[in-house]
Amino acid sequence: MQTKRTTFTNRGLPYALVLPQLAITAIFFLWPAGQAFYQSFLRQDAFGFRTTFVWLDNYERLFADPSYLNSLWVTAIFAISTTVVSIGLALALAAAVDRMIRSARAYTTLLVWPYAVAPVVAGILWWFMFNPTIGILPYILDQFGYDWNHSLSRLDAMVLIVLAASWKQISYNFLFFLAGLQSIPHSLTEAAAIDGAGPVKRFFTIILPLLSPTTFFLMVVNVVYAMFDTFGIVHGTTEGGPAQSTNILVYKVYNDGFIGLNLGSSAAQSVVLMSIVVTLTVIQFRYIERRVEY
Amino acid sequence: MHKHILTSGVAALALCASAGSALAQTQINWWHAMGGELGTKLEDIVAGYNASQDEYDVVPTYKGTYPETMTAAIAAFRAGEQPHIVQVFEVGTGTMMAAEGAIYPVYQLMDDTGEPFDPNAFLSAVVGYYTDTNGNMLSMPFNSSTPILYYNKDVFEAAGLDPETPPATWEELEAFSRQIMESGAAECGFTTGWISWVQLENFSAWHNQPIGTLENGFGGLETELTVNGPAQVQHWANLKDWQDEGLFQYGGPVGGDNAPPMFYAQECAMYMNSSASRAGVVANATDFEVGYGMLPYYESVEGAPQNSIIGGATLWVLQGKDEAEYAGVADFFSYLSSPEVQADWHQFSGYLPITQAAYELGQEQGYYEANPGTSVGIEQITLNEPTENSKGLRFGSYVQIRTIIDEEFEELLSGSKTAQEALDAVVERGNALIREFEAANS
Amino acid sequence: MVENRPFLTFLSHLVLIAGVFVVAFPVYLAFIASTHGPTDFLSGLIPLLPGPHMIENYSTMLTEGVSTGGAPPLGTMMWNSLIMALTIAIGKIAISILSAFAIVYFRFPFRQTVFWAIFITLMLPVEVRILPTFEVVANLKMLNSYAGLTIPLIASATATFLFRQFFLTVPDELMEAARVDGAGALKFFRDILLPLSLTNIAALFVILFIYGWNQYLWPLLITTDADYYTIVMGIKRLADVTDAEPKWNLVMSATVLAMLPPVLVVIFMQRLFVKGLVETEK
């Protein structure tokens, strides 16, 4: 791991410096995570009166439970769709803004603010728009002969949460692509233009490859976002339905533990989630380290 | 109206009073799940109580939806931070009842504190849901309701139906719906809130069909679901056919958020939902006149109509507090169940009165005649003496089972399962949860 | 621009206008909804033009609130949100900059362990460990307090990383020069590193302010006293009512008010915001 060539030599000071952060991390992150790990081996009633140690029972049930396997599958579809939609749209917008000279800043301002909207608020906004009876979009879709009903159709429900989740993430991806595009030297595109490459060809043969580190990075970030930060969106719109078709892992943990009070199973799910987080974090970390080094 | 001004005046006074003498009083915490108008009314009632005496100070706190409130209370209990009183919805009853060390049964509380308490004063159809097998009241009913039928009189008239006659049976409801659609008076016949509560639990009770073994779970934790009987299967199959035909529109899972707008927007002519929705229906049905009826039944099913069962919530007292504080809780419960408070709450909210006296007070006041539809619920739950199929239900993990019911209903509507398959799956998946609950609680 | 292609420019404008429209539309609808009466939505299609009730709705929310919808006057809730957002932002920056300093400028036993302990929390969402965390906070008697609202959310791997990455880019010569001058570690930190980090701190502040403001599940769980409610949790409570219809006009006025501060921060501090965002993840 990187550090400075020379360092300070104080003995106690570094510990004092990391202490506040470590204390908070230990008390509010590691200890509860450890508790969840421990609880995943227990079977307990809601109030905590009767506790039995059941070894891996909770995990066995979990992986034998079709609804959990469904949730894994749903999460994968959701994360991939959200990533593709939000990255695709953001790239188109960033490429468009990059062409602008005078209006670039104004457009950027108009495009970035959804980042500041809380997920649960985004969920409520989209719920309101897509309500089958009072929403404006189902009405418009109806004019085209499509009967929108996300409380019944799995596809509609998935589309709804993908849209709401992507909406919130576009501004983030947009900014990264814009920064990436602006760091591409003009001489490169100019040289290609002189060689007779049209704008479309230049975009696909020069710009896109140069953006690939940014794209890769955004893919990881977006997958993590879709998996873990979208609780509020699902909570505000479909609440996991219909028939579990939008019950993503984070929501299922909450629902089984918080609403269903099935603590053992919820804890086991937490542990599975934590291992996914750790894996993704390590992937991201490798990437961060590599970027810093070149 | 005058009454409201009066209560809010009292509320304001109470606020001043409690600010002045808060130190000397014993504080009683009450966590509840009543948002909106109902919450305002609840606060008025509490303010009325606080103003009526100066020994206790009841502090109501809104804790979100029913599941959120219940979970918050349980989490708080585990951490030793529980409130004295928590409002728990009916499907949480099984969980609360199994937690013997956590709850302080109301009959015992009243007994221990020497508070005068007559269990017979309560309406058995309401409290029966919350008694143990010996008939002892475990929690204090607060807001209980039962599903009824709302219909659009204007649409009925436009369709050439008698606006004063709601359908009594499902056969009639089907014929009415078809006539409404064919005449173009409305786009759909009917919709419903709460598939699980209205179209399965109440449907079963109303047709005197068992929901589960051992008296719908009242008899013990080793109960099993039995909702895949022929009557229920036939009904769900019909709902699916009616949905395909457009007679019925699905309003969504859990409470069915999309159902009320369809009724208000006059898309659907009939609508089944809680009797406590009446205030909302009246406020939102701005362009048409609303009629009220009992739930429909199938003539072909023997024993129907029986009586409907309640939903809503009760107040549970949690263990771990001082005796003096429990005396306050008992005193407050006496106040809550007094005829005046009960009648006021019942008439304001549409929830059922919990005592005979409150119902009679309403009759004396001429309330039911002046407000059509307000007595349908109570007539419906007291239609017949409850049988073991219609007393209520009590299963562990029932919150999750409700979700399963919604999911399987959605499977049915999307065509991936038949009614029989969907209900078989409800039973199978539900029983697995009940077994798990049994294991964790014994 | 490499060459002038009017059609492409036109297309770009078109894409961008469509993009801005898509991005703004949900919020436009929320604003419209917040200007209507309570029954205008449920009995028909959502209106698309402002209605006459705007002042009424907003003043209701600001002065009275919906006491029982879990919403005291919005003023109180916005104040709490502000305290929460500020404390989290400042707290995170403070503890992160210190630990990043330790990790970069010192070699000490268990440095690697410390680093990973902080790192692992990077994306461990509150939702997946909510009950154990709640128990910890309750045992520490921090329910219903600003401390409970903020401290558990202050630990931040992200901010530590930003500072770590930034410190790595600070030329080593600066430190060597400071040491030649006989400056100790703390003096170096205060006089050289801190001033150099100001832009990063400001940028990070914008991001963390938004993060703190938008917290939802955590305040929902640990507050039972209306004096500590925050506005984002208040909105969902307004929208979830039992046996009644939500008052969409009020919900949406609260929504608009809740969005306003973080959105304004983003718009007016755009440069810092962009920097903060891009740097945190680099």
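Per-chain residue numbering starts at 1, and chain names A, B and C are given in the order in which the chains are listed.
As a convention for this text, a residue touches a chain if its C-beta (ideal position, glycine included) is under 8 Å from a C-beta of that chain, and two chains touch if they have at least 3 such contacts.
All figures in this text were calculated on a predicted structure; none of them were measured in a lab.
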Field: Relative to chain C, chain with the most remote C-alpha centre
entry: B
Field: Pair of chains whose C-beta contact count is the highest in the structure
entry: A-C
- request: Calculate how many whole Å lie between the centre of chain A and the centre of chain B, each centre taken as the average of the chain's C-alpha atoms.
  value: 38
- prompt: How many angstrom between the C-alpha centroids of chain C and chain A?
  reply: 16
Field: Per-residue overlap in chain C, given as positions that touch at least 2 other chains
entry: 41-42, 44, 131, 135
Query: So which stretches of chain B touch two or more other chains?
result: 68, 78, 261, 265
- request: At least two other chains touched by the same residue of chain A: list those residues.
  value: 134, 258
- prompt: Across the complex, what residues on chain A touch chain B?
  reply: 43-50, 52, 131-134, 149, 151-154, 239, 241-244, 255-256, 258-262, 264
- prompt: What part of chain C is in contact with chain A in the complex they form?
  reply: 1-3, 5, 8-9, 11-13, 15-16, 19-20, 22-27, 29-30, 33, 41-42, 44-46, 48, 94-96, 98-99, 101-108, 111-112, 114-115, 117-125, 127-133, 135-137, 140, 151-152, 154-155, 160-161, 165, 168, 172, 175-176, 179, 184-186, 188, 210, 213-214, 216-217, 232, 235-236, 239, 248, 251-252, 255, 258-259, 262-263, 265-267, 270, 273-274, 277-278, 281-282
Message: If we count contacts the way the header does, which residues on chain B are in touch with chain A in the complex?
response: 67-68, 71, 74, 77-78, 95, 98-102, 250-254, 257-258, 261-262, 265, 267, 397, 399-400, 403, 406-408, 410-411, 413-414, 436, 439-442
Message: For the complex, give me every residue of chain B touching chain C.
response: 29, 31, 33-40, 42-43, 61-66, 68, 72, 75-76, 78-81, 83, 143, 145, 260-261, 264-266, 274, 276-277, 279-280, 283-287, 312, 349-350
Message: Which residues of chain A touch chain C once you look at their complex with the stated criterion?
response: 1-8, 10-11, 13-15, 17-18, 20-22, 24-33, 35-36, 39, 89, 92-93, 95-97, 99-101, 103, 107-122, 124-126, 128-129, 134-136, 139, 167, 170-172, 175-176, 179, 186, 189-190, 193, 199, 202, 217, 221, 224, 228-229, 231-232, 235-236, 250, 253-254, 257-258, 263, 266, 269-270, 273-274, 277-278, 280-281, 285, 288, 291-292
